Amino acid sequence: MKISYRLADIAAQFGGHVRGDSGVRISQIASLENAQPNHISFLTNSKYRAQLVSTCAGAVILGEADADATDLPRIVSDNPYAYFAKVSALLNPLPEARHGTHSSAVVGAGARIDATASIAAMAVIGEGATIGAHSVIGEGCCIGANTVIGSHARLYPRVVIYHDCVIGDNLIAHSGAVIGSDGFGIAMGDGRWIKIPQIGRVVIGNDVEIGANTTIDRGALDDAVIEDGVKPDNQIQVAHNVRIGAHTAIAGCVGIAGSTTIGSYCRIGGSAGILGHLQIADHVEISSFTLVGKSIKKPGSYSGIFPFSSNEDWRKNAVHLRHLDELVKRVKTLEQEIALLKGKDR
Amino acid sequence: MKISYRLADIAAQFGGHVRGDSGVRISQIASLENAQPNHISFLTNSKYRAQLVSTCAGAVILGEADADATDLPRIVSDNPYAYFAKVSALLNPLPEARHGTHSSAVVGAGARIDATASIAAMAVIGEGATIGAHSVIGEGCCIGANTVIGSHARLYPRVVIYHDCVIGDNLIAHSGAVIGSDGFGIAMGDGRWIKIPQIGRVVIGNDVEIGANTTIDRGALDDAVIEDGVKPDNQIQVAHNVRIGAHTAIAGCVGIAGSTTIGSYCRIGGSAGILGHLQIADHVEISSFTLVGKSIKKPGSYSGIFPFSSNEDWRKNAVHLRHLDELVKRVKTLEQEIALLKGKDR
Amino acid sequence: MKISYRLADIAAQFGGHVRGDSGVRISQIASLENAQPNHISFLTNSKYRAQLVSTCAGAVILGEADADATDLPRIVSDNPYAYFAKVSALLNPLPEARHGTHSSAVVGAGARIDATASIAAMAVIGEGATIGAHSVIGEGCCIGANTVIGSHARLYPRVVIYHDCVIGDNLIAHSGAVIGSDGFGIAMGDGRWIKIPQIGRVVIGNDVEIGANTTIDRGALDDAVIEDGVKPDNQIQVAHNVRIGAHTAIAGCVGIAGSTTIGSYCRIGGSAGILGHLQIADHVEISSFTLVGKSIKKPGSYSGIFPFSSNEDWRKNAVHLRHLDELVKRVKTLEQEIALLKGKDR
């Protein structure tokens, strides 16, 4: 049976002020629209206040500004969205993994696996690798030789980490993620590409979550570094020698080219791109679908998106982009001629 | 030996009208250019009629408009491309998989695997999972706990489906596809990201085919839903809480952000993107490389592509985009000055 | 202990001219910034000459133009970057894989595995497949039935190659790569998509390296072909029937649509796209984030990137793109009116 908590228990753990009946019992979290009486819901945007009237939730989390907008039992928090995240984690703990190594897993010589770690079926742990306390290595994962994984990692099935990488505590890595693959290092000589060995590592801090099918290449000579709390979503490509600063969040399908350094607390929109050898400051926001082609030295929001329209309108307008320089010259000519006419006119 | 069919057998099965020798035997399908006498070919665009003259095909599928353009034995259909697809499927049945579970596979407690299903080497079936009749789970696939897969599924090697998902009949999933991974749910609190548990499921209808290395995230609170007949190609990212309407086709590398709803019978071009929390109507076509940044309420074709040109021309023209507003103001000024001059002139 | 080489040994093997002490011993390669006395470094751009003064490297590789810019023991080469690549490969040989097939691997009936090949744990080799001399098939790889892999291949963990593909010598394939998956072949008939069997193969030449999580679809009817020396980076999608010419390099996240032919020695930037059924000449460079929407017949560099700026500036400028056609008409009107005024003025 699912565990339930009284509103008072929740507030005791996470703070905030309870209004209304603090004894109401909560066993799950849900949207205002779908919540049931044993659910707690949340309002993070006053715009949706009207939903407070119709919700069947047993309780709600909201901000000070909305605290009087309902009579429901409620927790008032100065950051209701973060509060929601914490309550949801309380109500939805990860299933416990069984300690120990599945009989089908293969563990290389000299690997050190903590007694509280879990190695699932079909996983392969390379020679000399280290798996920290309470870490869970999912089905079919491959951990390369001498790679070190900290404590409380959770690797979903089929994650690959190449050799000699160093990973902090609390890593979450989703299926298909590849960490430490060779960077795109090739040199043209005598009409063919010569491979440049990629001898750096990937070094990852604590509290990083890596999305499904995301790839993070190892360094060419020095290391690629992902600092604490970085959150790359799915299908992201991080090329060799990249450094990503702490607590930067990156939405799906982004590509980051080699040797670029990204600051802390940046937010990068989906399918954006960042060229190589650039420096991006802290607290930079990049819009979806924007290519960053030079370094950004100041915090702020940056965009470069072609606005979409009906195919007809797009065609009509976009054709002129190939003649924009000419258009600007035509305007300049007009300005000169007007000046001339005005002169004569005087 | 490869099975062959008489033209008459094919028409008996799929309709259309046979012209010429209905007894010609066909054992494979091929392009007009490469077909041999035991092959059937097809013409779907009158533009390529000339190829009918030079082809070595033994027979051909074509439309009414082209029916008299050749003397070859032929099947006349009102949809020759769909006809070609059906004939090709007849001539190229999937190899039968052996029933039963490979000795190296691992099956969790309480899993229900139909006696006609096939579980290949190294596959892992989670506790309580269900695999329907005639379904084939390829090498190294991982099916999460309590996930239900319908009948006649074909999962190629190394597909991962997380726990608690529900999949209809006839799923085809290509290698590296990941279904049910956690969505990108994080809340900023006290200077760090707090993970929001992703407690929804992925619910997939019948007749869906999912391309290689495509990722479909589970819902944050409610379910992500892929309706019947949806066809996502390779390397696509479908974020949490997305709903995709029936028979929508999505080309490779598309990214769909969270909580967006896409209608039925849409066609989305390669590397396009759709931002989050949008509504896309039925029968909408989106061009490749287009970012859809607001909801689309009317069927039709939509584009937003920056036209490419030689690097030199691009540089010359694109530089003005950063001053387009200024250019528009200059034109406005010119218009006012002209009006003034014309006034004086009168 | 790591092997070391005298500068003279290196020059004997790879050419170039030694200046200074040819007896200095080198055991690793590093950047000028991080090199130690037992390291060799390299200078490939005179712009960074100043680093020659401060480096602790024991020796350096550089071009003729910079040959006198340091007193360090040095090798002078006419292509110092390619020279660096070769020296790095000498100093960083791949670890030897153990010959033979791991006890957990599954090998299908009729497969031919060379006695010098290595099949790692959890790998599955399909019926009738061929693995050439000295090839290494990594952990959890799946090789389809009747697929042929040449000699000296190195497949990292979890690569999938579907059935009936043909691969030359020296393939490197990184984790998560999928070769030979079905192309996106569907035909609309009676309101639903009908699958078109993909009966072509993927045929890959010699010396190809395929990045992590890249997908290469098999041909629909004929083969998809990747010629010698092609280098696709990570997260790339190559659709069915594509042909890529020899020594073309493709950066991460690129999408290439079906039936397109790309020439030799092309360079395609990250996240670029190429539409289907196009022809791209040899020696074409395509910028990152550029969509190529028509065939390119002449060598050269091509771009189509929307320039990014601050979000404010972008918004101000981009809004006019939806009215560019109108703007052009306004300029035309102005030109006519000016001509009229000038006429009257004369």
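First chain written, first letter: the chains are A, B and C, and each begins at residue 1.
Everything below uses one rule, namely that a contact is a pair of C-beta atoms (placed from the backbone, for glycine too) under 8 Å apart; a residue touches a chain by one contact, two chains touch by 3 or more.
Predicted model only: the values in this text are computed from it and were never measured.
Engineer: Hey, how far apart are chain A and chain C in touch steps, shortest way?
Structural biologist: 1
Engineer: Just how much do you need to spin chain B so its Cα atoms sit on those of chain C, in degrees to the nearest 5?
Structural biologist: 120
Engineer: Quick one: report the Å distance separating chain A from chain B, using the average Cα coordinate of each chain.
Structural biologist: Using C-alpha averages as centres, the distance is 25 Å.
Engineer: By the touch rule stated above, which residues of chain B touch at least two different other chains?
Structural biologist: Residues 104, 122, 140, 158, 176, 213, 235, 253, 271, 305-307, 309, 318-319, 321, 327, 331, 334, 338, 341.
Engineer: Of all residues in chain B, which touch chain C in the complex?
Structural biologist: Residue list for chain B touching chain C: 28-31, 34, 79, 81-86, 88-89, 91-92, 95, 102, 104, 120-122, 138-140, 156-158, 172, 174-176, 207, 209, 211-213, 229, 231, 233-235, 247, 249, 251-253, 270-271, 288-289, 305-312, 314-315, 318-319, 321-325, 327-328, 331, 334-335, 338, 341-342, 345.
Engineer: Flag every residue of chain A that touches chain C in the complex, lowest number first.
Structural biologist: 104, 106, 122, 124, 140, 142, 145, 158, 160, 162, 176, 178, 181-182, 184-197, 199, 213, 215, 217, 221-222, 235, 237, 239, 253, 255, 257, 271, 273, 275, 285-287, 290-293, 300-307, 309, 313, 316-321, 327, 330-331, 334, 337-338, 341, 344
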